[in-house]
Amino acid sequence: MKFDPFIIPFNIGLYFILIYVVTRSVIWFRDLSKPDKLRLQRGFFGIAFGLSLKEIFMESLIHRKILKTNFRLGYMHMSLAFGWFLLILFGTIEADIFSAKHLNAPYKAIFFRFFNPNHGRTSFESAYGFLMDLILAFILSGLFLAVAKRIYSKIVGMKKTTRLKIIDKIALTSLWLIFPSRLLAESFTCGAYGTGSFLTGSLGAWLATFLPAQQMAYPFWWLYSISLGTFFILLPITRYMHIPTELFLIFMRNSGIKTGDQAGTYSEVQTYSCSSCGICLDSCQLNFSAGITNIQSAYLMKAIRNNNDVSEIAHNCLMCGRCDQKCPVGIELSQIRMIQRRGDETENDFRNIYKGYFRSRQTNISEKTNGSSNYNFLQETDHGKADILYFAGCMSHLTPAIKNSMIKILDASEVKYNFIDEQGGVCCGRPLMLAGQDKEARELINFNSQMIWKSGAHTLVTSCPICYKVFKESYYLDVEVLHHTQFIKRLIDDGSVKMNFLHKKVVYHSPCDLGRGSGVYDEPKEVLGYVSRLERSNFEDGNSLCCGGSLANMKISSTDKKKIALDAANELTKNNPDILATACPLCKKTFSSVTATRVADISEIVAEALVGKSIKINNGSHINSIKALANI
Amino acid sequence: MIIKGKKAVWNDYQKEIADNNYYYVRSCVRQNFFPGSETAFLKIMREELNKDVYEHPCHTTCTGIGYHGDIVPVETTMTVVARQFALMTEAGYENLLPSCITSFGLYTEILDTWHHFPEVEKKVRKQLKKATGREFKIPKNLAHASDVIFKFRKEIGAKARYKLINKNTGEPLKVVDHIGCHYAKMFPSRGIGGAEYPYVLTGMIEEWGGQIIDYPERRHCCGFGFRQYLVQANRGFSIACSKEKFESMKPFKPDMIITNCPGCPMFLDRWQYVINEMEGKRYGQNGEGIPVFTYEEVAGLVLGYDPWDLGLQMHQTDCEPVLDKIGIEYAPEDKYKLNILPAYSEKHNLINV
Amino acid sequence: MSKHVVVIGGGVAGLEVAGQLSRAGIEVSLIEKESKTGGHLNNWHRLFPDRRNSIEVKEYLDGMTHNQRIILLTNTTIERFNRNKGHFSITTNEGRELTADAVIVATGFDLFKSARKEEYGYGIYDNVITSADLEEMFRTGKITLANGSVPDTIGIVHCVGSRDEKVGNFYCSKLCCVTAVKQAVELREYLPESKVFCFYMDMRMGGAFYEELYREAQEKWGVSFIRGKVSEASETIENKLLIKVEDTLAGRPLKMKLDMLVLMAGMEMSEGGEKIAGLGGLNTGENRFFAAADNHFGSNKSNIEGVFFAGTCTAPMNITETISHARAAVVEVIDYLKDGK
Amino acid sequence: MDKFGYTISKERQIDYDSNNRGVASYIFEKEPSFRLCIECGGCSATCTTASFTDFSLRELNILIKRGENDQVRQNLKKCMLCGKCTLVCPRGVNTRNIVVLAIKAFQKSDNYEI
């Protein structure tokens, strides 16, 4: 038998998806910027290619990251992806070895058993059949988990599972049907012919005892083919598009392409690479503390893919970056969210049947400007020359203990510095950026940049991680930007300040913009370790929690903020520390209102531990210190 | 609107008004604005009601315009007023009857001040004595001329030739009353009906057949406001006040406005013309303006006096529509004939008399 | 021989006092000018801040006085009040003579007569009502305008007769704010389509759970609060009420048309109380309420030995405070009678 | 026409009934905490922009509610969104979102969408 009409759905689906993927790739490539095109070309012939292959194997097939985060979920993904891959691979080899000729059409491999019902009589054939059955069983075990996850997500160790739209449900059903229909089709065929291995063979033999196997097999082969065909055709408009897209993503990433701040090929590839695995849901504090369950990154990606209005979703996010850390596909979720925030006003009315297949890309429209500045009321003040600038930041002015402590530390270190926003400064611009208003932010950045540049300083110290991040990333300053924890660390290292050890149990909360946002994890902890008994929490470094006070979330209510803060504070103070230390005025303010534990910025703790220069408290008796005081 | 409630308020605010023997004090500005009004008042009082109304040839302004225009200090005002009282005392009268609302308000205010601060009165007496050698008695009764017309509204009504009724439809004329601010806003208890729901003009209109309409901005100032109008830069505010009133009364479609104050009819009348000039906006039915009357003019019309004898030709907003509605006979061709007024003569310059 | 105490006023304070004294074995005569006891409580529908039915409190008070040896004299007023060697002789309007060892004055308050604020036109404009009228509407469940239609926009004016030198009341009645908020919420409940505006001078939400109710009114019921005293109201040709107020927080005058205006009448010394004060020579304060012997520790005591005060005849109080004050009066009386006077 | 040397003064009164309060409705719908403001002025007191200009979030908040939009719109974009106001607000009003929504609402009202 060379051909049978039942293969037609499969063939249509297969060739459709192949053509689609090729077309899509061409469009994507065409839309890349010139440097990115070069990067891609270089990557193709360079080490990136090899790295990508390895990563594709490890992540797309084995799903190593998901396995590490959640074994059952990982196994589910792995069994389906890796199993299917093996099935295709060994199926093709099988068709190649056992068919009459080599290089068969794909359907020959997929429906091998149908076209070779008598296969499996020799020992080599049956051994191969055993392998194929084993792979199928492997897939089916994963499928079982997937079905169970839909019904009861806790089975795979997840609290939440992503919600689906209709088209996804059809695709999902066709995906689920593929392997059971193959199993049944093969089993009936094997039952009719008395072939097959431990799975198909025994199931087929048993079914044949009470069913007409010969007649039953054919409809299942149809079902198998239709399931495959449907799945392929629906692929581009469902989340399963992530299967082919992820390959592109890995290759592009390894070639050194970055998301940037504009919508483009790479952000689109990333959007399509989201498999809606739902890991971001579980990592999201809005979800598990505040019960906001419709704005997580997976839903954002879906909304973008579906061309839905995303502005509400895009802005309802703390931008803590926890999902970025957890995403097994490595999508830069926060960056993509920022792109959506910038393109806020875009209203896409591109509506036709191709919408799902070739969506019109959301691009940033720059707002109509009347040419005049919004902030021309800002007045420049001359702060004079200094080597080191201290910028407390808006929020630090609402937590005066922080700025006062910093002044104390700076004075004690005897460095020459200028407190540039002592009388209240101009916002750093990051809040505007987070709201998607880059143009306005740029005005403030330019204003502040000029002030910093005029001072001739070489170091800029700030107390606020929000300011720190924007100073570092968006200011293009010719000065070294340090968060005050980094600066204090330096002062300690070079012996500019001396400190007592405080016998206090301290737990450290890493602020989002400082830790995950800017990669400053160690210095704060080193400083704390130097002056106190630093204890570990369950939420360290990349896994640290957000305090909930984030400026990035425009939409969240104060009640929900409080819930997040309360949960986070409870987690952090589980072991009853004396101090909940943080390195951000906003975190301090937020936590202070929800916990009885003392909340302090690192600078405050350091200032407390500071050894005064003139008074030798450690050596001198009470009288001596009074004498010392008298000598001042 | 619950009329019963209004009547209860009116009952709360009654005032004593002398029955006869009035000492009349003229208004500074009315003689120019609506010269027929005071003449008509005297005629009604003397001829129709047979009352004794005395006018002293030497009486002066009460300085109210200067006082409210922040020009004349209060002590000076008090002394001038004391002189008025002295003239009255000398003439043997006790019932003060000012024609002007501001004078009425000012006399009330001064008498109240002296009542609470006798030392001020003492000082003023001393000053008056020093300046003019005169002495005075506190008036026994103080009533505004409109109070007196209110008091005798029934008598006037009984003699009426016309009623404030549209002769074509038989419907009462819709009348807006506007009370001068200084009538009762400062001392609500001294005004008939009080400050919120003044009855003084309403009583006349109802008695003479008309219907008073109550509109939201009835309390609003006419816009004169002394320091508002007197300074040119503030006149935009003055006219805006009048406009606010017109806009507010517009939906009620009033036939006429009746006032009891020297300034109010002037501004409600003249500003209609200015608003029309500035914004092309006309009030009243068919855009012919809302005629504005003084209560004496209305009383005169009701009694059948000739409109031109009452000085209605001096109105900027024509009164004819109302005359026609009531059916008052008049000779249109006589409107601007000056034969009624005494001929002006260079030789008889009054200032030098 | 058991002691006899006359309680003047059968409102919340009077009933509580009578009940408590009776339970302590003291003979009590309760004098009430109306035909039934309960005072103002009979006029309220639901009570702030939890909007419980006022009947529940009435039932409690009735329970307090039920089956007790209390001589209840309704439709009774006092015509003579004399103190004689530590005893009081009281003559009622029906000529009855009562002799008492002590007297508790619980004459309560009168609602400010809103017609006195002429500029609001109560009794003149069709749809200007008072808080008490609105309670009556709540009780009947029919909130309608004079012409029978349902109001769409409703304004509530705080401080009518309170904090107003013009009517001679310098003091704050302290309960009108929360009553306004309660009624605003109820209006929104009854008339979900309506818009409710409160015009206040200050929001004085001092009691327990008052501020929470205020917040709820804003958050859940969308009641608008405009800071400014309504200066005047007038009727428009379409029979709406045009009000003028300064939106003091916007720094601009504001005018708007409303279907209905509710005046939050304040509390004043009751006429009955004034009469007793005159008859018995009891001191009253500048606010015309009875003057207590001491503001801090003698708020139940009068200037006459053996005469005590209970409840709102001394100052504006809510029901909770009134009952507490009444109980305190009971302690004072028992203490006084124990001394054998 | 100025031949009289003066013109009729414009009313300063807020005419609540004829003002367009579409912007306020838009914000109420998207940010319910807008209702909660008690006009304490804490936001304006801490505001950096308010210390340089006549921008006042408190005033803005009330003017939008009254439909006095013209006075508001020119000031809105002076806000730097720094969020100090949100931190000091005793009623938990999401002040920053109100500014952002107000800007959006004005754009929409320019396009006759609200």
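Labels A, B, C and D are assigned to the chains in the order they are written; within every chain, residues are numbered from 1.
Following the convention adopted for this analysis, contacts are C-beta pairs under 8 Å (C-beta built on N, C-alpha and C of every residue); 3 or more make two chains touch, one makes a residue touch a chain.
Keep in mind it's a predicted model, so treat the numbers as computed, not measured.
Once CA atoms are averaged chain by chain and compared with the all-protein CA average, the nearest chain turns out to be D. With B-C and A-D as the two chain pairs, more C-beta contacts join A-D. Averaged C-alpha coordinates give centres for chain B and chain C that are 45 Å from one another.
If each chain is reduced to the centroid of its CA atoms, chain A and chain D end up 37 Å from each other.
Centroids built from CA atoms put chain C at 63 Å from chain A. Separation between the centroids of chain C and chain D, computed from CA atoms only, is 40 Å.
Chain D has residues 32-33 in contact with two or more other chains. Here the touching chains pair up as A-D, B-C, B-D, C-D. In the complex of the two chains, the chain D residues touching chain B come out as 1, 3-11.
The residues of chain D lying in touch with chain A in their complex are 31-33, 46, 48-49, 51-53, 77-78, 80-84, 87-89, 92-94, 96-97, 100, 104, 107.
Touching chain C in their complex are the following residues of chain D: 12-17, 28, 32-33, 35-36, 38-39, 58-59, 62-63, 65-66, 68, 91.
The touching residues of chain A, when paired with chain D in their complex, are 315, 345, 374-375, 377-379, 394-395, 397-398, 424-427, 429, 431-432, 434-435, 437, 440, 444, 549, 551, 554-559, 586, 589.
Of all the residues in chain C, the ones that touch chain B in their complex are 115, 118-119, 121-126, 232, 234-237, 242.
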